[in-house]
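In the part that follows, the structures are each spelled out as structure tokens.
What follows is a pair of complexes built around chain A, which joins chain B in one and chain C in the other.
Entry: the complex of A and B
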């Protein structure tokens, strides 16, 4: 009886700290959140990294990465399927006790904090390098963090609805880039296929894995807020990763065919290179400002969600009831860390290509697999408790 | 308390969202429409010439509108040890800040191009303001003169050169080289860059003194500059450039002049159209071989032969057209292989796509392999009509 009460408290805590008691997200919102989270960095900087490692096969590496992401999101769903009201942290607490729950919260916190570097370098290098080179760097941190903190303060509903708008903008962005680039499309630039062999192409896909890692960690935190998560969580997750992969592949194909992989590999923000080349006919040129406006909503959602995820994790670590008090604190921590990464291009690129995959991949692959194993081993205990 | 906090946060948000940072008023900008690059007078320097538009005088009319000077452009040049340095030195003369986003064309002198264009490619692709669709050309004349010469009907010379390039597919005598395809070819391991040639020709006729034919210089877009790596290695004439375009831009139409079958001193103009080019590589005995097949339809658009254009004339003209197109192609291949030792016709690309494994071992000495490559050129032309006039039958 005592144990049962304790477990109810854990579920209650999961709900209150996630601010999900009043609002449950629909599967469309969940997919939109995943797409927003993956797409921004995947087209912004990942394609350049892929072009540097595998050349014109970057669209194949994106596809291979997408399939790996689908496997991992399904594992994430399997972990939470029988206890859809629990997130990873609450589940860990029920499996091995409070300390383990806090440890998992700390790991997810570390993941999102480390991931904020690549997110901010994507955002800042887009806006500062191409539009406002004279604006102070601090502006690019204060503005999105303020917007992000505000959205996060109003909770998951605001973020989920913003993600839906972001999804619409992503579609428009893709339509604009397709129309503006078809004229220069040269399929010969995508040949030969698998020039560096399958093993090397597969290894290069790990760079794209760091992008869907955001989405699986999102699922690890948000899936309990999804309506009928136990039934539709798996399919919704698969659609989310698949849609993100396909929307990203449009860019990797266009960057390869229009710019060539050699040109793509030269740029930190390769999508901007493609965007500034795009033109519709002779008179509609340089419409990258429109495209960046469309891109801004997904990227603001991304910042917003990172604040949300870290604040929820911090709430669990310190055993607080609501994540609202942690929002300003994590915003400052994220901002300081992001500023340190982005302030130096050399550090930023090295972090993006070397350090970040080493942090992201073990967590993205390891955490769902570890929890699945624990769940299989300690499933009986969990069933007894519930 | 809560309201005050929200108000404060909103004010902070508003402050951070202002658009005043990085603001540049249009009337404070010097809008560049053409750039010239040349070797500077001092050793190891570069001279940058820019053609800046005067908005008040460039409203689509010639002469001096009220408040204007009558000169639609303002051209200045400066020297520096690098392009960036020279551009900063332009600031010593220009009363407004130089703005690149509306640049139409970059013209380099051949001496500058022969020294190497790596710096130029890097500068203009690193510059976020510049359009990647800016045309790039090489000239044997002074680039500052080329970019300041008013050609055609346009008021702004840069815009006139832009129009020449945009209509280039009709004439088909020079590659439509822009920053985008220059950067692509420059960075590629399997092809070399090739740029359009622009030059000054005394072809303009003054309205005031029509008897002085050729008193006005005009910019001509014809021919090409071939590169090896980042250095220009030589020129291609307009016929060779025609042959080149079948490979670079999948040229589908153009005019060829052939001799009459009945009279060698008279000529026929034939317009070929819907031309399709196919390049098939093979690798017998570790030696690259390329089979080039061109199939095209054609119309007789002008005849000075004075005979009925019957079946016999048709067959004869077809053969002459085929030979002429083949000759254009062979001459450019010969120049690429034997004179310039540079594969600017993308044969390396085709070979790499068909033989990726072999390419890995041969890409390092592709220049040598390309020099030994053999070619089969097959042109199949089919004359379909004499446009509006009846062909094939005589008045009985």
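Entry: the complex of A and C
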């Protein structure tokens, strides 16, 4: 009886600390949140990294990465399928006790904190380098963190709804870039295919894996808020990763075919080069500002979700009831860390290409697999408890 | 608390207690005692009339009636007195037996509304509402006869909600006239007007209107709960109620719709919403409210759907322009001029050549000047107001450009912005948009694209977080409700709008296959 009560309390904590006791997100919102999280960095900086490592096959690496992401998101679903009211942290607590739950919360916190570097790098290098080169760096941290904290304060419902708007903007952005780039599209720039061989191309896809890693960790936290997560969580996750991959591939194909992989590889923010290159007729020679306006919701959503995720993890670590009190604290921590990474350009690029994959990939692949194994081993215990 | 304030509070408490005691008293058979209590409660107010009479012409049955001059119709009162004094003689053959109030009500008074009262509180409330209070020596109860009859403003077209096609009638200050306007449009027996009184001193009549089988379960109770929670001395206008029951009291967004048009209220009720009628104001409140309703106009539904949809799209454009055009202009010219097409950039630059101020200052100056002119034009008598507008817009604008204080392009931008703000059908929400324009403008002028994005998204997030009586403020766009899109960005044909909005209880609105299908080859 005591154990049952304890388990009920764990589920309740999973819900209340995420401010989601009443609100359930729809599958459309869940997909939109995943797409927003993946798309921003994937088109912003990842394509440049891919171009540097694999040349014109960057669209293939994106596709390969997408398939890997689909596998991992399904594993994440399998982990949570039988207990859809639990997130990774609550599940871990049920499986191996309170301290294991806190350890998992710490790992996810570390993941999002480390991931904040590349996210801010994407944001800052887009806005500062291309639009406001004379503005102080601190401004590019304070502004999104304020908006992010505000959205996070309003809760998951508002964030999920913002993600839907963001998804609409992503579609518009893709339509604009297709319209503006088709004149210069040259398919010969994408040839030869698999020039570096499949193994190297596959290895390069690990860079894109760091992007869908955000989405799997999102699922690890938000899945309990999804309506009928136990039934539709897997399909929804697959659609989310698939849609993100396809939307990103449009950019990798265009960057390869329009700019060529050589030019793409010269830029940190290669998508801006493509956006600057786009034009509609002779009067509208440049409209990258419209595109950056469309891009801003997904990127602000990304900042918002990172604050949300870290605040939820911190809440679990410290055993608090609501994540609201943690929002300003984690915002400061994330801001400081992001500032340190982005402040030095060389450090930022090195972090993006070397350090971040080493942090992201073990967690993104390892955590779902570990929890699935534990679940299979300790499934009976879990069933007994529930 | 200082001693004098304590003494004042004690005195006020004592007076309130005394008044409460008198009000809770019941009528007695002794006429003089009743008159003394009424005198104590109402005092010798100039508009309070006291008319003595003898029931059935019998000197043993003296009586008195109270009414408020100006509120009560004297012809009605004369008819009442005639019935009591003259006709009573025939009906009551035994002059020694005093008739009861109920007997008088049922046998003598022919008025549509007459009732007996035992409590002094009811009698006083009736008198100050325009009814007549009748007291007779020896009668244990009082009689309240309806005699309301003050001068109303006629039914006129609402000045702030004009339309080209559609009804011209508007609400006035009489709650009963206003409810009648709606009842005339919806003759459904399920239409309800639940009464309520708010304001300890104003005792303002409020009616909560809804269609019983359409309104969402719990919505009427929630409206009543919020209204009952109001503790205030007086309600002088619907704005008081609005501010006391809204969901987001700190937000500049209007979460309660207000209108002077009966057709709008009828339409809202048919969508399953609740209307709040308040006496002494032509403005009726409607809940729940969605942001997009402020962009919709009755003409959208009275004109054919192509026209309605087109002009609705024009209004969406007006919304965007009125909110962001000055900010985008300032942002582009101050920070991101490389984004402006070259030919256009050169035109703007040549216009700004002689202007000594930064663009943000130029925009703020013009915006403030326009707000001044708008406010002055509104407060001044109509003929002078028009003159101020002409002097302001034509003469000062032209002079400012010639003097090199502002650029012609900026004048055009601000003029388009202001015209756009007037294209928004809801005046109150166009005022809110004006307020939002200033932080956007300042942020864009100081931080460029980043400032604009931050303020804009903060506003968007805030709007997304708001609810109006349990419904998301930005619905049906966010959260996206596919079924409600038929009347969102565009207005689909009436024969396609077969369902009520998502939140209504009974969804079916139209029968099957309502699309007109004339016989092939013309009429037979």
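By definition in this document, the second predicted complex is superposed on the first by the 386 of 386 C-alpha atoms of A that agree within 3 Å, B and C clash if a C-alpha of one lies under 4 Å from a C-alpha of the other, contacts with A are read in each partner's own complex, and residues count from 1 in each chain.
By definition in this document, contacts are C-beta pairs under 8 Å (C-beta built on N, C-alpha and C of every residue); 3 or more make two chains touch, one makes a residue touch a chain.
Note that the structure is a prediction, hence the values are computed from the model and not measured.
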Between chain B and chain C, whom does A:71 touch in the aligned arrangement: first, second, both, or neither? neither
Tell me the contact category for A:192 with respect to chain B and chain C: first, second, both or neither. first
Going by the contact rule set out at the top, does A:139 touch chain B (first), chain C (second), both, or neither? both
Of the two partner chains, chain B (first) and chain C (second), which one does A:373 touch, if any: first, second, both, or neither? neither
Touching A:131 in the superposition: chain B (first), chain C (second), both, neither? both
Touching partner for A:150 - first (chain B), second (chain C), both, neither: both
Please indicate which partner A:285 is in contact with in the superposed arrangement: first for chain B, second for chain C, both, or neither. both
Considering only touches as defined above, state whether A:262 meets chain B (first), chain C (second), both or neither. first
For chain A, which residues lie in the overlap of the chain B contacts and the chain C contacts? 131-132, 135, 139, 143, 146-147, 150, 285-286
Name, in rising order, each residue of chain B that touches chain A in their complex. 9, 12-13, 16-17, 21-22, 101, 125, 128, 131-133, 166, 180, 183-184, 187-189, 349-350, 352-354, 356, 359
Per the touch rule above, chain A residues touching chain C in the complex are 26, 28, 127, 131-132, 135, 139-140, 143-144, 146-147, 150-151, 154-155, 158, 161-162, 164-165, 283-289, 292-293, 296-297, 300
Considering only the defined contacts, which chain C positions touch chain A in the complex? 332, 335-336, 338-339, 341-343, 447-451, 453-454, 457-458, 460-462, 464-465, 472, 474, 478-480
Report the residues of chain A in contact with chain B in the complex, numbered from low to high. 129-136, 139, 142-143, 146-147, 150, 184, 188-189, 191-192, 195, 259-260, 262-263, 266, 273, 276-277, 279, 282, 285-286
